[in-house]
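Before anything else, here is the set of structures, which you'll find just below.
The following pair of complexes shares a single chain, chain A, combined with chain B in the former and chain C in the latter.
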Partner chain A sequence: MPIGVDEWVAQHGDRHDAGTGWRRAAARLDRRVGWWPRLALALLVGLIFGQLASNVNVETVAVNSLIYAILALGLNIAVGWTGLLDLGYVAFFGFGAYGYAIFSSHALGTGGVGGAPLPSIESIPIVLVAAGTFGAAIGMMSLRVSGDYLAIVTLFVGQAFVEFVNNVDPGTLGGVNGLYGLNPIHGFGGQIITPIGYYYFALIVCAVLMGLLHMLDNSRTGRAWKAVREDELAAEAMTIPTGAVKVMAISFGAVVGALAGTIFAAQQDNVFPTNFTANILILIYACLVLGGAGSIAGAVLGGIVVTAGEQMVSSPTDAGYLFYGLIVLALVLKVRPWRMLGAVIAATIALGVVLHAIVGAISSSAVAGSPGSGGWIGSLVSHWVIVPSKAVGYGNVLYILMICMVFALIHVRERYRLALLVPTIYVAACCWESRLIVNPSITAQILIGAILIATMAARPQGLLGSMRVEVV
Partner chain B sequence: MHEFIQTLINGLTTGFLYALIALGYSMVYGVLKLLNFAHGDLYMVGAYIGYFVIQWFGGPQAVSIPVPLLVVIMFLLAGTGAGALGVLIERFAYRPLRTAPRIAPLITALGVSFILENSVLLLFGGFTRSYSTPSFISFSTGIHIGSVDIDSVQITIFVVSIVMMYGLMVLVHRTTLGKSMRAVASDREAAEMLGIDVNRTIAYTFFIGSAMAGVAGVMSGLAFNQISNTIGFLAGLQAFTAAVVGGIGSIPGAMIGGLFIGICESFASSYISSEYTDLIVFGILIVTLLIRPTGLFARPALQKV
Partner chain C sequence: MTDAGPAPGGAAAGGASAQPLLELCGLGIHFGGLRALSGLDLSVADREIVSIIGPNGAGKTTVFNAITGVYRPSEGQIRLAGDSIGGQPPHRITRRGIARTFQSLRLFLNMTVRENVITATYGATKATPVESMLRLPRARREQREVEAVAEEVLSFFGERLAGYRWDQPAYSLSYANRRRLEIARALATRPRLLLLDEPAAGMNPNETHEVTELIGRLREELALAILVIEHDMHVVEGISDRVVALDHGVKITEGAFHEVANHPAVIEAYLGKDPEALAEA
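After this line comes the complex of A and B, so read on.
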C-alpha cells in the first residue's frame, strides 16, 4: 500500500457512489484485475494500434507520444515519487540525444573511437551509464540545496545545457546547426528505419520500463522515495539515508530521460539545441501533471494525451473536435442538473445564431470571414460565430475579452455563473475560430500552460493520480 | 583603467535592472514562500507597454510631447500595467492554492509564465521590436569624465532605481502597510489572527513587486533597445540568482545581489566571452548556495518540527 495514502478512507466516496447493476459489476471487475494484466492489456492495445496504423503521420505522432510517455515516466521518479522539483530534467533528455548522436555519427572525427560509429547495442548502454553519472552529479546538489532552491538550480542546469551545446566545441557538438545524418538504431545485423519500427521499439521499451518502475515503486527504494516526499525529517529519523535516496531518484530519472533521448535522436535522425529548451521541459511537466504525478499509468497516459492533443491542434479539422469536445466534456462534468446543461447549450446556440443574424444585417463584411475549423464542424459553425474578413485584430481583442470573462466567471457568485457561462463560451468560440486556430503552434503552447494551471486548481492529483487523504 | 570603469558603469546599468526585478521576486517570496516564475514575464510585459506608449505619442521619430514627460508616462503606465497584471495573477492563479502542497503553486507559476509569454507572441508577433531610443534621446548627452561616458539613459536608470529602492525601504520600514507585509512574511497565520488583512497585504505586495519589474522592463527597452516576448525568462533567471545571492526575502540583499550579478556579467562579457555569461552567473549561484545556502544577507533559518 502506498505510504501516506489511507486507501480505505480515500475510496469511501467511491464505494458510496458505486451504485447498482452493471456499474457495480464494472467497479468490482476494476478492483479484481491486477496491475500486470492491465499492463499486458495496454501493450496488446498498443500492438493492435501499430497493426492498424497505416499513415506515416499517425505513426510519427505515435512514436512521439511514446517518447513523451517515457520522459514523463522518468520525471515522475524525481517529481512524483520523491517530491524534488527537478526543472533541469530536459538536460538529461538532451544528454541522451546528444550522447547517441555523437556515437552514431562521425562527430568524434579523428579522435575518440577513430570516427567510426558504434553499434547501438554498445552506444546506448554507454550513454545511459554516463547519464546516470551526470544525473548523480546534479543530484548531489540536492544534498546542499532543497525545495525552491533546488528548482532554480536545476532550471539553470537545463539552461546551461543548451548554452553548452550551442557554444562549446562546434566541431564535435555541431553548435547551432546541431548534429544530423545519424545512424538509425542497429544491432544484431538489423536496423530500424521506418516510423512503425520505432513505434514498436518505443512501445516495448515503454512497457518494459513500466514493469521495472512498478517493481521499483513497490520496493524498499520506492517506499523510501515516498517517505522522503511526505516528510524528509521524519524519514531521516526512521534511518532512511535521505541524501542517497534523493541522489538516486534524480540519477534514475536521468537514465530514463536519456533513454527517451536516444530513441528521439535515432528516430528524428538529427539533434538541435532547440530541441531541449525550457518549452520542452514545460511540455513534459504538462504530461506528468495532467496524467497524475506519482502514477506510472498516469505519466504514460499524460504523455500520450498531451502529444496527441498538440498534434490535433495543428490540424484544422481535428482542432475543432478537440475544442468543442473539451467544452462539451467540461459542461457535462460541471453543470448539474441535466436540464441546466441543456439550457446552457441551447442558450449558447441561440445567442450565436441571433448575434450572427443581427451583425450580418448591420454589416455584411463583419461576418464575411470563414471560420478556421475545417470539415463539417467548420460549415456547421459558419452561421454561428462572427468572423470578420480582417480577423487578426478582432481575434486579439476577443482573446483579451475571453481572458477577462474567464476571470469574471471565477470571481462572480454561484448563481450568476451559469448566466455568464453562455457569453463566455460564445466569445471563446469566436476567438478560437478567428484567431487561435490560425496559429496552431502558439495555441498549443497556450493550451499547455492552461493545462498546468487548470489541473493544479481543479484536480492537483491529475487524471490517474490517487487522492491523498491526511491521516490524523 | 577607463575601460575598467566603463565596464563597471555598464554593469551597474544591468545591475539596477536585475535589482529591481529581484526585489519583486524577493518580496513575493517573503510573503507567499512562492517562486513566482511569471515575474520575469511581467518585466517583459512592462517593456511592451513602454513600446506602445512611444508608438501612441507619435513613434520614436516624431515624439509629440516633451521627451522627459514621455519617459515619465512610460514608467507610470508600465508600472501600473504590470502591477495590475501581477495582482490579477495572484488573485486567480495563486490564491486558490494557498493551502495546497508547495509544488502546486510552483507548477502553476510555470504555466502562468508560459501563457504570458505565448499570449504576447499571439497578440504582438514574435519579431524583435526596437525602442529606437537614439532617435529621441541622444546618447551623447550625459556626463563625460575623461573617456568614461555615462549617457542620459544610464543616468535616468540610476536615479529612478535609487529613488524607487529608497521609496521601497521607507514603505517597508515606516508605514503600516510595510509593517503588515513584514508581519505576513514572518508568520501568515499569526498575522491573520492579529487582524491583518492578509489577502490585501499580499495583493499590495504583488502590485509593488510587479510594478518594479514593469518599470525595469521599460528601462531595459530604453537602454538595450530591443524587446521580444522571450526576454522575460532569462532576465527572471538572472534576477532570481541575484535574489538568492543576496539572501531571498531580504530587501537590501536583493539590491546588492542585483548589482553584483550585473557587474559580474558585464566584466565577464568584456573580459572573458559574451557567450558564457549565463554559465558564469550560474557558477556564481552554485558557489553561493554551496558556501552560504541562505545567501549573503539572510539569517539562517531554523527548521521547526
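After this line comes the complex of A and C, so read on.
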C-alpha cells in the first residue's frame, strides 16, 4: 500500500523516536515521562542540594532563588498565560511582605489595631486572601485598558505602593525605616529560624505550587487564560467571560506574589520600601523571560538562574567560573566543527600568552596589576591577560572596545567572524579581569543583561518556553 | 445534540411556521453618524439555511457582530426563540445557542487543535479553579466530558481533521483545516444556530465543494439552523433555503436564490447601473 502524505506526517513522531543514539533516547524519554516524575525529581535534587549546602551564604542565595522562582511563577499567570502586561506585580510581592510584617510583629499593637502578633498559620492565609482581593481590584483596570496602556497604568500601581509604605502612617508601616524584628514563620509548635529551614520551606512551597499550577494550566481556567492571550474576541465568542477571566488571572498572580512576599519577609526578618522597587520588578521579568514565559518549569529555572547568577558575580572565584564557563559554553554550542572549536580556543590562549610577553617586555608596569579573579582561575590567567597597575581607566577603554568588537562580530561576514572572535574573547577577558569584576553589583546587571540579550537572540521563547506564533 | 424544538414542516418554506429561531426586527447599528445597518428585518427558522450576500462593505459581518453581541444594537430587536438577546455580552449569547466563525480566522493559534475545541466548552462547565487545581471529582468528570465532546466534534470532519492532528498546534494546520477547526470550535459550544462568515473564502474548487456538503450535513446530522455569509455563488446556490441581499446596510431583497440573483437591485448593487439606462436617465 502506498503511503499517502497524511500517513507519512502521522508517523513522524514514531520515526523520530525510532532512531538510536543518546539524543533520540533522550527524546523518547522526554516524551514518555509525565509531569509529576519530573517534578518529583526536581524536588529530590532540591532536597539533596539542601543536604549538601555547607554555609549560610549558599543557603541564603538558595532561598532567594526560590523566592524569585515563586515570584516568576506568579507573574507567569498574568503575563505568560493570559498575555496581560502587568507591571504592578511587584506591589503584590510588597503587599505580601508588608502584610506578613504587620501581622507578625508588634506593629499590629502600635498601630492601634491592638493584639499580639498572629501565628503564621493564621497570618499567611489572611494575607493571601487580602492579596487576592487587592489583585482583583488592580485587575479591574484590565477591563478598561489593555496592551501598552495597561502596562503604564499598572506600572504606577507599583510606584504607588512604594510611595504608600514610605509615607503613609510611619508609626505602623515604618516609613523609610521599614518594619523589623519580625517573628519567623511558626506554627504547630515549631518555628523556622535558619536559612536552611527557609530553604526547605520555600522548596516545598515552590514544588506544591508548581503542581497546582500545572493542574490549573490544563483546566478550563488555564485554557480560558490562554484563549484570552491568543485572541480575546474569539475567546469571548466561545463562551468565555473574558473580563472576569482577566481579573482572575491578575488576582491569582497577586496571591502567588504575596506568598513569595511572606516568605521573603519572614526569612529576612524585616521589610523596607526599597525591597519592592521597579528594579525588583525588572529582575522578576528577567527571570520569567529568560526561563520562558508560559512555562512553569521555565519560570522556576529563570528565577534560579538569574538570582544565582547575580550572587555568583559578587564572589571573585565564582564570578570567574560564571564568566569563563559562559564563554566556553557559548563556544561549544555555536562553533562547529570540533577542530574549529579547538583552533579558536588554542588561538585565544596563544594570542594572550604572546601579547602578555610582548607587552611585558616593553613595559613591566603595563602587566604589573593582578587579575581580579581569585583562586586557581586567577593564577591561571595572571600570565595571560594584560592588567596594568592602574587598571580602572584602562578597563573603561577596554569595555568600550569590547562592546564595539561585539557589534562588529555580529555584523561582519561569516568568514571574518571566526578571526574576529579570538581577539574579542581576549579583550573581554582582559576587561573582565581588570575592570568588571571590581564592581560586582554593576557587573551583575551587565551580565544579566548580556545573558538576556544572548538568550533572546538564540532562543526567543526563553530556555524552556515553547515557540509562539503571533501572526499567520 | 440540543433540543431542536418544534421543527417546521419544510425547511425551505422560510420562517413562516410558528416562531422563528432567530428574529431581527428593525435592527440598526450606527457608529456616530455612520449607519452600518438600518431597519433590517431577518428571520431564521429551525433547521433553515439562510445566506446573506452583498458587495464588500454592505454590512454583512456587521449583522453577525450584532447578533453575537460584539456590537450593541442602536435600534431594533434581536430575539432568539422569542427571548430578546440584544445588548447581552457575546459569551452569554453564545451560551444561549448562537455560535459563530470569523471571516479572518481567529483561532487560538498556539493551542493544540484539541485545546481549541475544548476551550469552547468553558460555558458548559462549572469547575472552579480550586476544584481544578486539586482535581476534585467534578473537575475530573467535566474534563472527561469535554474531551468526549472534542472527539465527537472533531470526528465530524472525518479524514480531513484526522486524529494525529488533534495534538498539534493550530498554527500548523493548512488554511482549509483552519476553517474546519473554526467550525469544530463553534460546534463545541452546542449551538442551535450557527453563523458562518465566508466559510469557503480562500479555498480551492474541490474544498469549496466540500464546504457545500459540510453545511448540508451540519443541518441534517446536527439539526442546526445556519446563517451564512458567502461570496461564492455556487455555494450560495447549493446550500440556501433563502437568500438575503444587503447593500449599504439595507436589505435590498430576499427570497429563493434565483429570484434574488436575478433581481435588478442586486445586479445593480454588484455591477452598478446599466450604462444604457444611465444614458436614458
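As a working rule, the second predicted complex is superposed on the first by the 438 of 472 C-alpha atoms of A that agree within 3 Å, B and C clash if a C-alpha of one lies under 4 Å from a C-alpha of the other, contacts with A are read in each partner's own complex, and residues count from 1 in each chain.
Please note the rule applied: contacts are C-beta pairs under 8 Å (C-beta built on N, C-alpha and C of every residue); 3 or more make two chains touch, one makes a residue touch a chain.
Since the structure is predicted, the reported quantities are computational estimates derived from the model, not experimental observations.
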Query: Fit or clash for chain B plus chain C once both are placed on chain A?
result: fit
Query: Once both structures sit on top of one another, what is the angle chain B-chain A-chain C taken between CA centres, to the nearest 10 degrees?
result: 80
- prompt: Is A:167 in contact with chain B, with chain C, with both, or with neither (first, second, both, neither)?
  reply: first
Message: Let me test your reading of the model: by the given contact rule, A:194 touches which partner, first (chain B), second (chain C), both or neither?
response: neither
- prompt: Touching A:363 in the superposition: chain B (first), chain C (second), both, neither?
  reply: neither
Query: Once the shared chain is lined up, is A:235 touching chain B (first), chain C (second), both, or neither of them?
result: second
Message: In the overlaid three-chain picture, which partner chain does A:223 touch, first (chain B) or second (chain C), both, or neither?
response: second
- request: Quick one: classify A:57 as touching chain B (first), chain C (second), both or neither.
  value: neither
Most chain A residues touched (candidates chain B, chain C): B
- request: Would you check which partner chain A:215 touches, where first means chain B only, second means chain C only, and both and neither mean what they say?
  value: second
Task: Quick one: classify A:442 as touching chain B (first), chain C (second), both or neither.
output: first
Query: So after superposition, what is the minimum Cα distance from chain B to chain C, given in Å?
result: 6
Query: Which residues would you name on chain A as touching chain B in one complex and chain C in the other?
result: 233
- request: Going by the contact rule at the top, pick out the chain B residues touching chain A in the complex.
  value: 29, 33, 35, 88, 92-93, 96-97, 100-108, 110-115, 117-119, 121-123, 233-234, 237, 240-241, 244, 275-276, 278-279, 282, 285-286, 289-290, 293, 303, 305
Task: Within their complex, state which residues of chain C touch chain A.
output: 68, 70, 89-91, 94-95, 99-100, 102, 106-111, 115, 118-125, 127, 129, 132-135, 139, 142-143, 146, 159, 162, 164, 169, 171, 185-186, 188-189
- request: Name, in rising order, each residue of chain A that touches chain C in their complex.
  value: 6, 9-10, 212-213, 215-216, 219-224, 226-227, 230-231, 233-242, 248, 252, 466, 468-469, 472
Contact footprint of chain B on chain A as seen in their complex: 79, 83, 85, 141, 144-145, 147-149, 151-153, 155-157, 159-160, 163-164, 166-167, 233, 278-279, 282, 285, 289, 293, 396, 399-400, 403, 407, 410-411, 435-436, 439, 442-443, 445-446, 448-453, 456-457, 460
